[in-house]
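You will see chain A twice below: alongside chain B first, and alongside chain C after that.
Presenting the complex of A and B:
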């Protein structure tokens, strides 16, 4: 936006041009505020209808015993906090919370972030050709629709899939090649899958952030004798802190909501041993037809996401420069 | 000033209104609630095309006889478990609710209670063919209020299929008829020792398998123990029965000793269709507890397997210790129902009466290996001679059992599947049974359960 556009903005024009009588100034001020808020109305209306509405309705739904079929499908009863008491007393739920944290921390916070940063650094500092080759491969995983990526990974990890075929050909003598990855190492498989799929996003965010680090600062640090590692930890990281905070928040919340990948690869199984909160919520609501109970799990998932978001905002202080 | 403010307020209001209208526009779908179009929701998979054939035939016949009416077939391509979910979601909105529904008998009471189905007594009264349906068929469509909510298409029974070639290699008799569960397990062990490459005994065990795990799997065991899931006299669900734990114990033996399929096979949602179309025909399974409809797909169609008559033997599922009546089976079946939101229920019912007239019922009962519920079909030589397995599976009708028909059954069935899958993945039968009891109480409430005597 050019400077003249800023000067021309309605706010500055309104303040300068029409000198109104003193008494009506205040009233005019509030009118002006109202007018300035006008452009926000559609956005607020959209947020209210598509964001606050569903969350409010979910909160209400989680306090009922609504079902998919049967009497309670037509006339759900209001049951207060019953769903939550049942939920907090259930071993499956706590296992699911633990699996969700494991999945989020291992695949998003550590996996996607660290690998994304590594690939971004490689892109900037490594040999050009290698960099573009790696980034093209990484972005391929990101471009695929989630369901396609999920089927590809299912085909890769399944017992008669690609991974075992490769292992069987290369290490057949060591007894590898018959591992039931999706049964015996179910969390490992879905965590790897999510890292594979999500790294491109972090890579792109970090690549953009690294480009903003002024080269002269790096040069002066180099002249002062800082090693590569020191430059990275003491200059680069603090300077891209805000990008890290944003990226952490986005990848965490995105990973918290991952459903298709896990559902296609393991179905949340074996048993419930890879049922993260979204998978558990789906199973309870649509497989066991307990819509109210499933909704309660979804509400807890929202709360977990909010906690993560708060922690990031507090710890990384993206607004302080 | 006053005037200007009013204008501004009007502008705000107009903007808000526009936004609201735009949003409201998103909601109203273009579904045709047109009385001349009958929408039919049913299941179709690559293995299950027989119903699709019959409904297409009925569509042509109905449209030819009723000028101006259209039948819109809406096949839902999903395995059984997801079919129920999709159907329930369609039924939740009047815009998407179908007029004619392919409905599993165990869902009838539940869906009738939810107001998804329309009672059809008045139409049945005018349909002369209704007298030809047998009593079990009439029972199958009853709702809690005593009204009829569907017309039965046929019923089924379940038993053990065994591969005579594999049995020969394992030194087992080819006219094998086990008397107890132990004899079944003994045969499986003999197969495992002699023919290590095949799955000795397939019994469904996954949540992803849905109702097949409950009915072809667990309940085939449970109803042979002398205990029951639901006491029909007191109308209460039973907790803590020995039979329940013993049935899970059978699973523990099968999967613990490696007599069943691998976990990655059995936990896959497509395992059920793979068993009938690949694993049994390719000789990879020695014994399978499965439904009477399997030979239907071996007789004609894409999965035809003409050798089945020589290869496959049938044995009734024995009771646990061989107690009376010596064998057990489970029966279900599907119906065609009229949706509660049908614009013209009479037309919807008329379409059902065409789809299940003698000719079409005969076609469906033969091609899909159903046990006929229309007397005129059951006694027709064209039906009796079509499939050599009919005689065996019909002979199980005296010992067969029906699932508890309560609106809660579908949720409890999910709970059973959870218990079974937890046992095959390592939980002890006692713990899994305790978890089932806990889940059961949460679903039906303490007052509707009773401890096993």
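Presenting the complex of A and C:
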């Protein structure tokens, strides 16, 4: 980012002295601006129709009784805030809000960030060959298509799956090995699954951030007698705090939108016991054919996401300016 | 950090342990502990690696196992039967072709549109730019899966359901914020003096973009293309909601259908299909590492 800012400066200088093709100097400033903005038109048009469109449509659709098919799909009634009243009175909705919170905090804010940081530290302080092998595995879990990762984790947590086979072989005497992870500990399973899937991102962010910590500072702290833990908490963490803030926001927003992983592993079940908000919105709209109601859930989710996104934009403000 | 490792740790020869202790204490406090810490680090890394390995190994090993289950095991008589039984036009080839069509056109259109948009954002200092970049940044982090229900409703109204171009347009719109953001940084890194030379020679700003800037940032274009392609290739939820006709469905959706209908009986075939579907993006990722690994040596273009 920093070097792009340096290269940026001639560009901003150039704007004053008009780097545009000859002849534009005579034109009015507003015409010139309009011409310059022309290349932005396709991008703006696409995003207006297919990004802002659905969001606006959602705000309206959540106020109707739109159905999946049949008469009410084409001619929905305007029902005002009915969907929201029903939503806020529904136990399923509040359970889903709680599950979403649990999922995001446990798997992204704590799980992916802590494990990502831990692996990044281990890569820097452990054996090199082993380190690159492990990081390749971690990254593969993240690069492969989400649905394949979901299958792999479904198999891993299945009752006859790898996890139980391992537990049975190691701790069979203690009665372990027959746990129905996806049914009895469904949230635990999907949280671990999302940590498995997403840790690579945090690992790469922290690996890059740790590389920026000047080794001299670490050495002088070491000479002053600081222990490894003291060095980590008093020097490393404060120095990479911006990376941590950015990464926590990004992983939170990513995790808020996770659908495929949960859908394949548990289908939101048993019942709605692992339905986070995106899963619940899908179930209501496509399983129970209540598009209006599902849309209201989508609006709530996008509102939560928007709050996080606004915080994130504030954090990143210096990069835009 | 490297100091403790290269320090005189390895020395202690047969002599008594007491000598080792006093010797290292006078040399460097951290050295002997450094080795222990390193071993412990290595042990933890092995555990982490195994945790990540098991689910991945299941996919690979099951795909060559004659009778795969959900539990990972090394097949005693590996076979390619699973592959040969899923390699048919209806089951894998058409979905993979659809995936290629959808992801390829999504990536091409996104790169073209994002390059056009990034140019004025990078080159002209306008008041509009800042607010636009804020909106882009905001848009790039909205959880897009949350809007799939209203997107479905919107597509029903527009009559775009079951249309590959419609799906592509939606995927383009969702990947644009990130792509524009990346692309702006790439344009920023092309020295403006080269364009100034082109302008002096009478090129318009669009000619300068196409003839000077684009060739210089082709690595950047490749990175954005691969990034968008990979995202679209792996996307399950969008085509799952917007494409209902099996003839148009990409591999992500048809593999899910296969899992729903045959998964419980044919894990080997499911795994083989998964491998066929995953290999292209894993290969692309390796290519990006190569492309982006070498720094963008654009400064050389200014010389002479």
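Simple rule for what comes next: the second predicted complex is superposed on the first by the 257 of 321 C-alpha atoms of A that agree within 3 Å, B and C clash if a C-alpha of one lies under 4 Å from a C-alpha of the other, contacts with A are read in each partner's own complex, and residues count from 1 in each chain.
Everything that follows uses one rule, which is that a residue touches a chain if its C-beta (ideal position, glycine included) is under 8 Å from a C-beta of that chain, and two chains touch if they have at least 3 such contacts.
This structure is a prediction, so every number in the text was calculated from the model and none was measured.
Participant: With the two structures laid over each other on chain A, which partner does A:220 touch: chain B (first), chain C (second), both, or neither?
Facilitator: The answer is neither, since A:220 touches no partner chain.
Participant: A:55 in the overlay: touching chain B, chain C, both, or neither? Say first, second, both or neither.
Facilitator: A:55: touches chain C, not chain B.
Participant: For A:85, is the partner it touches chain B (first), chain C (second), both, or none of the two (neither)?
Facilitator: In the superposed model, A:85 contacts neither chain B nor chain C.
Participant: So in the superposed three-chain picture, is A:158 touching just chain B, just chain C, both, or none of them (first/second/both/neither)?
Facilitator: The answer is both, since A:158 touches chain B and chain C.
Participant: Just checking: does A:42 make contact with chain B only, chain C only, both, or neither of them? Give me first, second, both or neither.
Facilitator: After superposing on A, A:42 lies in contact with both chain B and chain C.
Participant: Per the contact definition in the header, classify A:230: touching chain B only (first), chain C only (second), both, or neither.
Facilitator: Touch partners of A:230: none, neither chain B nor chain C.
Participant: With both complexes overlaid on chain A, does A:289 touch chain B (first), chain C (second), both or neither?
Facilitator: A:289 sits against chain B, while chain C stays out of touch.
Participant: Given the touch rule stated above, what does A:34 touch, chain B (first), chain C (second), both, or neither?
Facilitator: first
Participant: Identify the partner contact of A:256: answer first if only chain B is touched, second if only chain C is, both if each is, neither if none is.
Facilitator: After superposition on chain A, A:256 lies in contact with chain C alone.
Participant: With both structures fitted on chain A, tell me whether chain B or chain C touches more of chain A's residues.
Facilitator: C
Participant: Using the superposition on A, tell me which residues of chain A are in contact with chain B and, in the other complex, with chain C.
Facilitator: Comparing the two interfaces on chain A, one with chain B and one with chain C, the shared residues are 42, 46, 49, 73, 158, 286.
Participant: Applying the document's contact rule, which stretches of chain A touch chain C when the two form their complex?
Facilitator: The touching residues are 1, 3-4, 7-8, 10-12, 14-16, 19-22, 33, 36-37, 39-40, 42-44, 46-47, 49-51, 53-55, 57-58, 61, 66, 73, 115, 118-119, 122-127, 130-131, 133-134, 137-141, 143-149, 151-156, 158, 160-162, 164-166, 196, 215, 218-219, 222, 225, 228, 249-250, 253-254, 256-260, 264, 277-278, 281-282, 285-286, 291, 294-295, 297-298, 301-302, 305-306, 308-310, 312-313, 316, 320-321.
Participant: Going by the contact rule at the top, pick out the chain B residues touching chain A in the complex.
Facilitator: Listed in rising order, the residues of chain B that touch chain A are 1, 5, 8, 11-12, 15-16, 18-20, 23, 81, 85, 88-89, 92, 107, 110-111, 113-116, 206-208, 262-264, 267, 269, 407-408, 410-411, 414-415, 421-422, 425-427, 442-443.
Participant: Name, in rising order, each residue of chain A that touches chain B in their complex.
Facilitator: Touch list, chain A to chain B: 24, 31, 34-35, 38, 41-42, 45-46, 49, 67-71, 73-74, 86, 158-159, 180, 182-183, 267, 269-271, 273, 283, 286-290.
Participant: Which stretch or stretches of chain C touch chain A in the complex?
Facilitator: Residues 1-3, 29-30, 37-38, 41-42, 44-46, 48-49, 51-56, 58-59, 62, 69-72, 113-114, 116-117, 119-126, 128, 130, 132-134, 137-139, 141-154, 156-157, 169-170, 172-174, 176-177, 180, 185, 188-193, 195-196, 199, 202-206, 230, 233-237, 241, 252, 255-256, 259, 267, 270-271, 274, 277-278, 281-282, 285.
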